[in-house]
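The structure under discussion appears below in the form of structure tokens.
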């Protein structure tokens, strides 16, 4: 899987197809890449077969023998394999190009009798990682292209292995099951962000620091990625629900409506958490302003108290010659000169404290 | 009822159904949970019966005997009960799944001849608490699933007990009455926020402190939750008004239009209060900036007055040897040296005060 | 008239009808309230009659005798009167409920052959005050419910008294005239805010203070209220223009299009002034930042000049014993020690001034 | 021409027509105003006549003699003239009212066989000035009302004088030419703002001051006015392009599509410059924060260096009696006491400088 | 190519056509300009010819001889050439005017049997540079006008030279290939901004300085330009996909849908990076506030420690005459007076440090 940052800074090696002006129907993939993993499941009612294929050509006889064949191709670096599969399944050149251009927006397209569905799987490890799923649905096959081995389809495979209604259903239902697995995998991702933001909220209120801002920024960034992925997926699923296709029967349509509801819910959650991110940034800034105010008040109180006091000490630290005239600092020779000076300072101090109390600056640290 | 924060950080035990790839039509609920409360009202014109049921199966004979049966199920933790009710009332598997997935968006769906309505009840205790209401409406029954015992339907029950037009009306009208009760319960919630924000507004202007920000933040958060709940409810009610369903007669439709108006009004109010929250945050920040300015002015005035004065005292506190040369601090030996220094300080002070008055810094604390 | 704040914090006594679950068609008004004022105008071509009614029932004979009767009911606190009028005019229960629920959004509804129009009148006294107008238009009557005596219909009455085309026109035209009066009354309100904001703009630039922020906040609040009132009114008038109703003839439709234009213009102005409010807040904050910068510069200049000077005075105020060794503060005994120290200070001062000029801190207060 | 501020604070004398409840079809204009300037051009193929009219009635014979008459009325203060023109051309009362209500939004209305077009001309002198153009288009006339003498139609007149295709075209084409002249006059206005903002951008980056903020604020205000004027004009032109009118032939329609493109482009530019204004405000605030940071750093560096140094000088300025005990300030009598104190200060200074370098506070003023 | 800033401050020499009121169908271009470069490719299946033309008239015989002729005109300053080409290809006057008005929004217009397409090519050198492409598509020709020599069509030419399917396709397919080349050239531009913003993000977090703000501002500005260019292009391509034109066959339509997807993806990316710009500005401001807080804390700590200490040293630097009375500063004559004073200072220091630790101000610089 590739990090979402790849969505932004896609290296030329991953997306060499954007040679401006190049013919749109030429595949640009690295030719020295390893063979992708080919995993196939074929079934028909009670019969079921599951194996790894060595060569793409091996799928031909399965297609002939089985009513429904589901082939998963993990790894897109081998142009030969992909081209051969394109020939075998009769895939449109533009669609094949979208398969290897792994940063497509989700979409559904009808090529002749085939449905071509692009979606994006997400997984939250240390960072948010996403992977393009390209799905071709034909009358007797489902062909899934993945960027790397490892997917979220294991439960679907388990259900097929176990038998049950899915074995009887047409290919559209299988495609729905795969999409459903992809979509449901977004819930734990979004919830992880919810928990992260909850923790951040507490931290921002209790002790706003710079790392919190970076984390809010990162969460915002990821949520934006998720939204950018899920939004077109919603449109795509909606078009599957609305536009008639012979591959989607009415029952599947009802289930897809459920998928659509889930996507709306995910978008809803993502939008909520994005707004929460903005709120947290505001909260952070106002916490910061609050602390600044508090710091400034301490500074001002200290300065306002000690500057006048310091002035008085400085005053009586002057060296005017008291012996030369009675006008020169007679206080220094008063009997109670020192107590007088201390009293003056005490009065000043009390006056300042009264002023601060009047201003309301001497509340608790919360004010 | 569950707190709205549950909407965000839903624990796995509450929403175990998001096992990616699991078949959509399998119920995932805790099997060791207590039996839910089953409360049933059945009526027909003048006849009326109300009782608690011990077992779901008891409802069957009521359905046979009474033209309209209203069953309320409070508590969703017992899979057996819910599955059995599903069988008895012929509920669709996807709908049943939505019943136990208690964080659905509000929606209306048509399953065969049944209407399936999801809404969310709100109650404002210490925090905002919400609870999912799942409503199945059939020709001769209304089936309401609640998360916990306790609801806002008591007035509807009272009207049924008292007799009156509702006893004559079809099930659609009963369903409307329940929805209406749910919707009207949002008004006191929204008004409570209105009052809270009014109080906050006064506080923010009079004495901006950190707690006010937290409270604004919390209110914003809750209002966002309310909006997220009410918005799809509006769409759902609108679809009930527009899309023809045999269960909704014309009279009910007129009443639903009224419901719709109420929802629009609630959304309107919520949006207004959300904008008010943003305004309050701005107001808070500008209050804070104002106070900071005030604090800084005090600091600057104090420093600007006492630093020059302190300099003068420091000057005449230097120990240059006046006896060595007449150039060394002759002021110390002047007859009026001390008064001269004091006069210098007074002049400095007056100059500074004039400067501050000129700058307009010595206005009232409001400026 | 009620203040717009009532829109937010509506006391239970004003809106007792939101008893969740209560039947929608029950009137909840205070029963011990005074009788509302009933004012009636009936006319037909040259004939014209205008009088106050003591009892609602008195209108029945007018309805029988005159082709067009316009009854204005000012005061909604007496349930009996309103219920009786409902019976006399055959008003729908839901509509009647909206009449007494005085915080409805503007809307137009068709009940049978009657049009039911809800609008809101505004008046700007010390604060913005609004009042709900509920208008029933039938073939031979216009029935207007107001919250309190006092309205903006006097010019319409004057035109009816004077005779002229309005006397010949159907009830739809009279309803239009009332709506037009209501809508035109918004222009002076909006302009008053325009003038207020103009004055605020000058003040914010010249002397940003805390009161200005409160006033901007208040204006924003009121403009939001006006928008919230006028927006649905625009929709309502638009539906009158578009949707065919036998009560609205083509001529009236042309005039309503003019009303619609006025509403669009009012919304336009309100949006402009709301944006202006936001701009003023920004302007205020940047004025504040500017002043803060200015204050900080003064503080920094003072501190940066006097701290080094103070250091020098402190240095030569140390009491090291010059007699013990020639290393101990020989300057004190120099012939030109004091001038040397003063020169050192002058140099420091000049250096600092040069630095500030270099930094551009000694420009005019504007920079 | 009136300043755009008039849009906001329109004096009662300019808009006396908003007497709430007054009949919509009464003209309210000052009766003692000077006669407006009447300028007429009539043409037909090769024939062409251009003159000033003294009295409105003079246009009648031109209308009879010439296939196309273009009358421009500059000045709206004389009710008699306008009413008489209304009678001569058969103008609708509501349209005439819009002519004298000079703050209409742009619109196109069809009154019988006449088109009524309201637009607004802009000119950028010291401030942005706008003027309402009310255009009546009939089969054989174009009637243009302006607020004041002086317009942007001179090139159109020149083309008519010179002959050419416009002389052959129907009135719709002439109306288009006038609209086109009005619309194209917005380009220099918008560009003037572009240049002003470019200069402001440089100033905000180089030396953010308070006047820049006022100018950004003013530009924002004017651009908002332009948008508010142009936006409805776009709708109006669009309705001319789409809605069939016998006065607009296909060729004119193609040209109007071009007008529409220009309006879209103007709105595009205005939106861009408005966003730029917001960006500049942000830039200004961050420049200000930067400068504040810089100022604060200087203050902190100065204080942090001189406060410890001042403490040391203060320490050895204490007057403890060294003769009373060897514990009392023995340093004062050390042989190298003064060099020791100076060394202590130098060490402190170096420590502080190291600390600041470590903090990165001693970079260039840019950091 | 012209810089995007030209979009804003277009010099009169570049856009002299906006003479308000001038006839729309007159070409305003500089007459003394150099002849533009004319490059022509004509082909038909296996036949292929490519050459430079000296005079526009030379294209006539090519048009007669070859089924498809592609003429590229680079340079728009010579009115004669452009007018002559207009005559030869039968171009509409308004379209020709759009060709020389090089700041058109992208659009597609149908003039009789010709398609007129305006797009804008982008290239990122030191700054973002864009150039208008005006494309006329006829049955047997594609005519491309460029502002300057140099374009992104070389790969298309190479494919034509090499033969292949494009040689067989109709002119619509060639036009698509050119548009595709233009659109794909936006990807490297947008990615360059992505990388720039990535670097800026690191810098803003690590060391926020003024240059970063300028760069964010510049990136925002450019991205706004790109969006303003691409947005109407999307609409234009969409209208090509939807609206039937005999020049666009079904295969080309499928390819244009792909173009449309790319444009949606570009807009998506641009919007994401624009949001990122705003986030970075926020991040910058909060970094700045953080640093300010840090600076203020240092200042406050220093002042709060050294002001009380300085007060104590000042106190014992006063010159009250200890010999005159035992009340006058007896501490000076204490045996342990100096240690007592030092101890007092140490206590003060410890108290302050405890206070700061309690406030949490003595954490790492991160807090």
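Lettered A, B, C, D and E in written order, each chain numbered from 1.
Just so we're on the same page, contacts are C-beta pairs under 8 Å (C-beta built on N, C-alpha and C of every residue); 3 or more make two chains touch, one makes a residue touch a chain.
Nothing here was measured: the structure is a model prediction, and the numbers come from that model.
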Whole-Å separation of chain centres (CA-atom averages), chain A against chain B: 25
Cα centroid separation, chain A vs chain C, in Å, comes to 40
If you look at chain A, which of its residues touch at least two other chains? 285, 289, 292, 296, 299, 303, 307, 310, 314, 317-319, 329
Once you've mapped the touching chain pairs, tell me: line, ring, star, complete or other? ring
Traversal of the chain ring from chain A via chain B: A, B, C, D, E
Could you pull out which chain E residues touch chain A in their complex? 152-156, 158-159, 164-166, 177, 180-182, 184-185, 187-188, 191, 194-195, 197-198, 205, 254-255, 257-258, 261, 264-265, 268-269, 272-273, 275-276, 279, 282-283, 285-287, 289-290, 292-293, 296-297, 299-300, 303-304, 307-308, 310-311, 314-315, 317-321, 324-325, 327-329, 359-361, 366-367
Which part of chain E faces chain D closely enough to touch in the complex? 5, 8-10, 15, 18-24, 94, 103-105, 107, 109, 207, 209-211, 213-214, 217, 220-221, 224, 228, 281, 284-285, 288-289, 291-292, 295-296, 298-299, 302-303, 306-307, 309-310, 313-314, 316-319, 322, 329, 331-339, 341, 365
